[in-house]
Amino acid sequence: MTDVQNQPDTRGIKIKRTGVTGVRLPFFISDGANVQQVAAQIRFTVALAENLRGTHMSRLTEILTSRTKIPIKIPDVEKILLDALKKLSTDEAAISIAFKYFFEKISPVTQKVSFSSVDCEFIGELVRGGRMNFSLSLSVPFMSLCPCSKEISDFGAHNQRSVCRVKLTFKNLDDVSIEKFVRLIESQGSAQVFPILKREDEKFVTEAAWQNPKFVEDILRDVVLALRREKNLAAFSVECENFESIHNHNAFAAHEEILS
Amino acid sequence: MTDVQNQPDTRGIKIKRTGVTGVRLPFFISDGANVQQVAAQIRFTVALAENLRGTHMSRLTEILTSRTKIPIKIPDVEKILLDALKKLSTDEAAISIAFKYFFEKISPVTQKVSFSSVDCEFIGELVRGGRMNFSLSLSVPFMSLCPCSKEISDFGAHNQRSVCRVKLTFKNLDDVSIEKFVRLIESQGSAQVFPILKREDEKFVTEAAWQNPKFVEDILRDVVLALRREKNLAAFSVECENFESIHNHNAFAAHEEILS
Amino acid sequence: MTDVQNQPDTRGIKIKRTGVTGVRLPFFISDGANVQQVAAQIRFTVALAENLRGTHMSRLTEILTSRTKIPIKIPDVEKILLDALKKLSTDEAAISIAFKYFFEKISPVTQKVSFSSVDCEFIGELVRGGRMNFSLSLSVPFMSLCPCSKEISDFGAHNQRSVCRVKLTFKNLDDVSIEKFVRLIESQGSAQVFPILKREDEKFVTEAAWQNPKFVEDILRDVVLALRREKNLAAFSVECENFESIHNHNAFAAHEEILS
Amino acid sequence: MTDVQNQPDTRGIKIKRTGVTGVRLPFFISDGANVQQVAAQIRFTVALAENLRGTHMSRLTEILTSRTKIPIKIPDVEKILLDALKKLSTDEAAISIAFKYFFEKISPVTQKVSFSSVDCEFIGELVRGGRMNFSLSLSVPFMSLCPCSKEISDFGAHNQRSVCRVKLTFKNLDDVSIEKFVRLIESQGSAQVFPILKREDEKFVTEAAWQNPKFVEDILRDVVLALRREKNLAAFSVECENFESIHNHNAFAAHEEILS
């Protein structure tokens, strides 16, 4: 059977990334002792040499399928990429694994326990002979209350749900705790959000937000300050977005930094 | 050239709706004197007799294309459906035309003029020999402020962006004003939302919401009362959703009614 | 602390559905012996009597959270709804639980094992004193190849990914197998789709589709015939959509039926 | 009335981008003589000096609203950014304007005229004293047919809808034709897609794709070769994605290049 992918190519263009996207597989993701089964959405690509016509896409989904039984920790992403370098005879591989991950969330007064979900993404790139370049993306919700609205109004202040999206690059991947960064970020808004709030809790959250008004720029700067204190970070980018209750559009702020 | 669609079918199943979905065309939509060009997303289907294998999909996009030059008013939807009955030799046709439509929005104190968009959908069904059954769907944003949070808290009250989705069925299609119903619905929240708010306006909106706290159930009931007063309505359904600032989920209420 | 929700309401409108939407929780879903952890997206509502101002939203998320530890089978949905009737002192409750569920998928020639995901939704409604009204929605992908294109062309035939969405209502909920219906529906296209296909498999699938050309109307009718043979079904609706490779829009067909 | 935004900030962080996102306005977009009204989705940001607490968001929507009457050509984007530098007293501004744009599309044999839509995005950045950095993003659909499937199968070949997303940076903005690049890109697949295809046209397109099989890597390389010939390009990135008819996931290839 002819191997059309292996035909020579004369256009002289090395492709940096070719492979599969929109793959859905049931992965077990491990964050420390917390292991959850997730419906991962995956992009998995390799470099294609300039003299080859096509890559072997089916090998990529085979490699991914082989990882559905055993929990995946962040350092395991490098093993998946090494597998790709080997099985696809290439010198570069990249992967994105996106999933929802749940963390326990306890209401502030009545101590009701439930779970809140965070959008996570593992992003890994590996060049043959090097170390994996890895980033963790998180999208974390919280509440914001507008300082201007509070200051100028005789009563009340507009507030709304907000989200902070961070992309974190680490020096050392062995002990990265996803939960630690979720907790760090959700603390930078005017107040946290919760799945269960009894009345005493709702009073607490409402008053907490009122006493802690923050513009989207305030939240961004506080996230930046908090991330700068993390010794294991090599670089980060941050985007904050407030789904303004007084508009049908959003307020936004973004920043990125490479740490020495 | 063989006409495979016209082959006989022996499975004995009349299909109520077959046609095209996800069609995008540049329509001009007229709401009274207001005419806007929109990127309409269209579903257009016809019934298929039990003895025929397939319908003629291309005739549907031809009919739609023929309507791209002249403004479409609501009563014109019946002409599109009649065209389908004729050109596809069928006894039933249905269409959904979804688009964003802009309305002028003036800030409450400084009178700054801008535009806010509303998601609209024309839904028409026609059986040969009958009159078109037509519904207008609207998705209208506003602000809500929680009465419970206001009552129990020593200061502040959580508030958030909300949306009300209505589906309206009319007795008479000749004088339906989309804008009238948008204005009616956006007035039922705790406060309206605006594209431009200077500080004086922000103070006004913040205080207006504070003085008019409403649960999602309150908003739903007030929309119901407002719609019951509309003499030209034959039926309606309403969904209200508050994007709760204190949760990462939403509060919801729904109701439907057939008017005598 | 004042219970504002419990305030009397004089507008005289009973609300059929009010509650929470967009809730995300980690549920374990059981389909026979197959148990998977999913990131469920949930809408959970109750009726609100005309003399009450608001419902108790937090009790709904408490009920849902109490179900995160033990696998949920279809009949368990009724227990969740009964819990809502009791804890919210109401006479009607409804729930939608949407999630991705994975099924093993083996390539047709080389027998490579992987997993494919299906969008599932449990929809339950319960009126006090009655039995739960339950529907299962499934969205199942496959491949379609156009009979007209094959017939009129000297070589080739356009083909594409397709999806079939069904909503199934059952007589008896004790032995419903989700997988059985997924297998039934994915067999009605021109060919099935697979996560891993080696070259021998790709040849098999390509030729299988070529030998089994089907219009969207053909697929719809074949799904209808297959569902009519299921003794446990009380009613069903079907929508088929082909993401036409020759257009930037889709071909569509829909049908619904109540079985005696 | 206190100007809280103008309060001093001591955290020492200059913010590169803060402003509004998700703004929807009715813009008229001009591509040569072709002027269309679109429902633009806009992100509009400015830099915020490290000593200032917040930016003036309402001035951004005011600037945008002032552009709703007169057609916007690509060079006009710089005027919008200059307006922001001035009215917000800042040294950097950025904008993204995303919209659907329609182009005439004529069926290949019967010459039936209709319209196809392309997702466009204008992306501009301006630093005080410099020239605007501008990119045009386009997302263009077409059809692809798999060379491997064709070669190994006794009959047929899988094919599917594909999309190519390009981001183009220009040397000179005065004469950029959006349509020219749409035409260039849609010609690089196995065949083009059309809104209306009569049977003679469908035969033509089916056979054209059959005679022009291309992997996603082939399409990517052909787009790269075509873009390299464009003298006015300073840089480009390309992503191609095939919505594989034999899988429920996609094939993907990406490349980027800075031209001398």
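Letters A, B, C and D name the chains as they come in the text, with residue numbers starting at 1 for each one.
The definition used in the following text is that contacts are C-beta pairs under 8 Å (C-beta built on N, C-alpha and C of every residue); 3 or more make two chains touch, one makes a residue touch a chain.
None of the values given here were measured: they were computed from a predicted structure.
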### Query
If you walk from chain to touching chain, how few steps can bring you from subunit B to subunit C?
1
#### Entry: Selected interface, B-D versus A-D, where C-beta contact pairs are more numerous
A-D
## Note on the structure
Farthest chain from subunit D by C-alpha centroid distance is chain C
### Query
Is the contact between copies subunit C and subunit D built from the same residues on both sides or from different ones, judged by whether over half of the numbers are shared?
same
### Task
Between subunit B and subunit D, tell me the centre distance in angstrom, where each centre is the average of that chain's C-alpha atoms.
28
### Message
Can you compute the centre-to-centre distance for subunit C and subunit D, using the mean CA position of each chain? Integer Å is fine.
### Response
35
### Message
Between subunit A and subunit D, what distance separates the C-alpha centroids? Give it in angstrom.
### Response
25
### Summary
Residues in subunit A with touches to at least two other chains are numbered 1, 23-24, 61, 116-117, 148, 152, 195, 197, 199, 203, 248-249
### Message
Help me check something: in the complex, which residues belonging to subunit B touch subunit A?
### Response
116-117, 141, 143, 145, 148-149, 152-161, 191, 193-195, 197, 199, 202-203, 205-207, 209-211, 243-249
### Query
Any idea which subunit A residues touch subunit D in the complex?
1-2, 4-5, 9, 11, 13, 15-24, 43, 45, 48, 53-55, 57, 61, 147-148, 151-152, 215-218, 220-222, 224-225, 241, 248-256
### Task
Sort out for me which residues of subunit B touch subunit D in the complex.
1, 3, 23-26, 36-39, 58, 61-62, 65, 68, 99-100, 102, 112-117, 195-200, 203
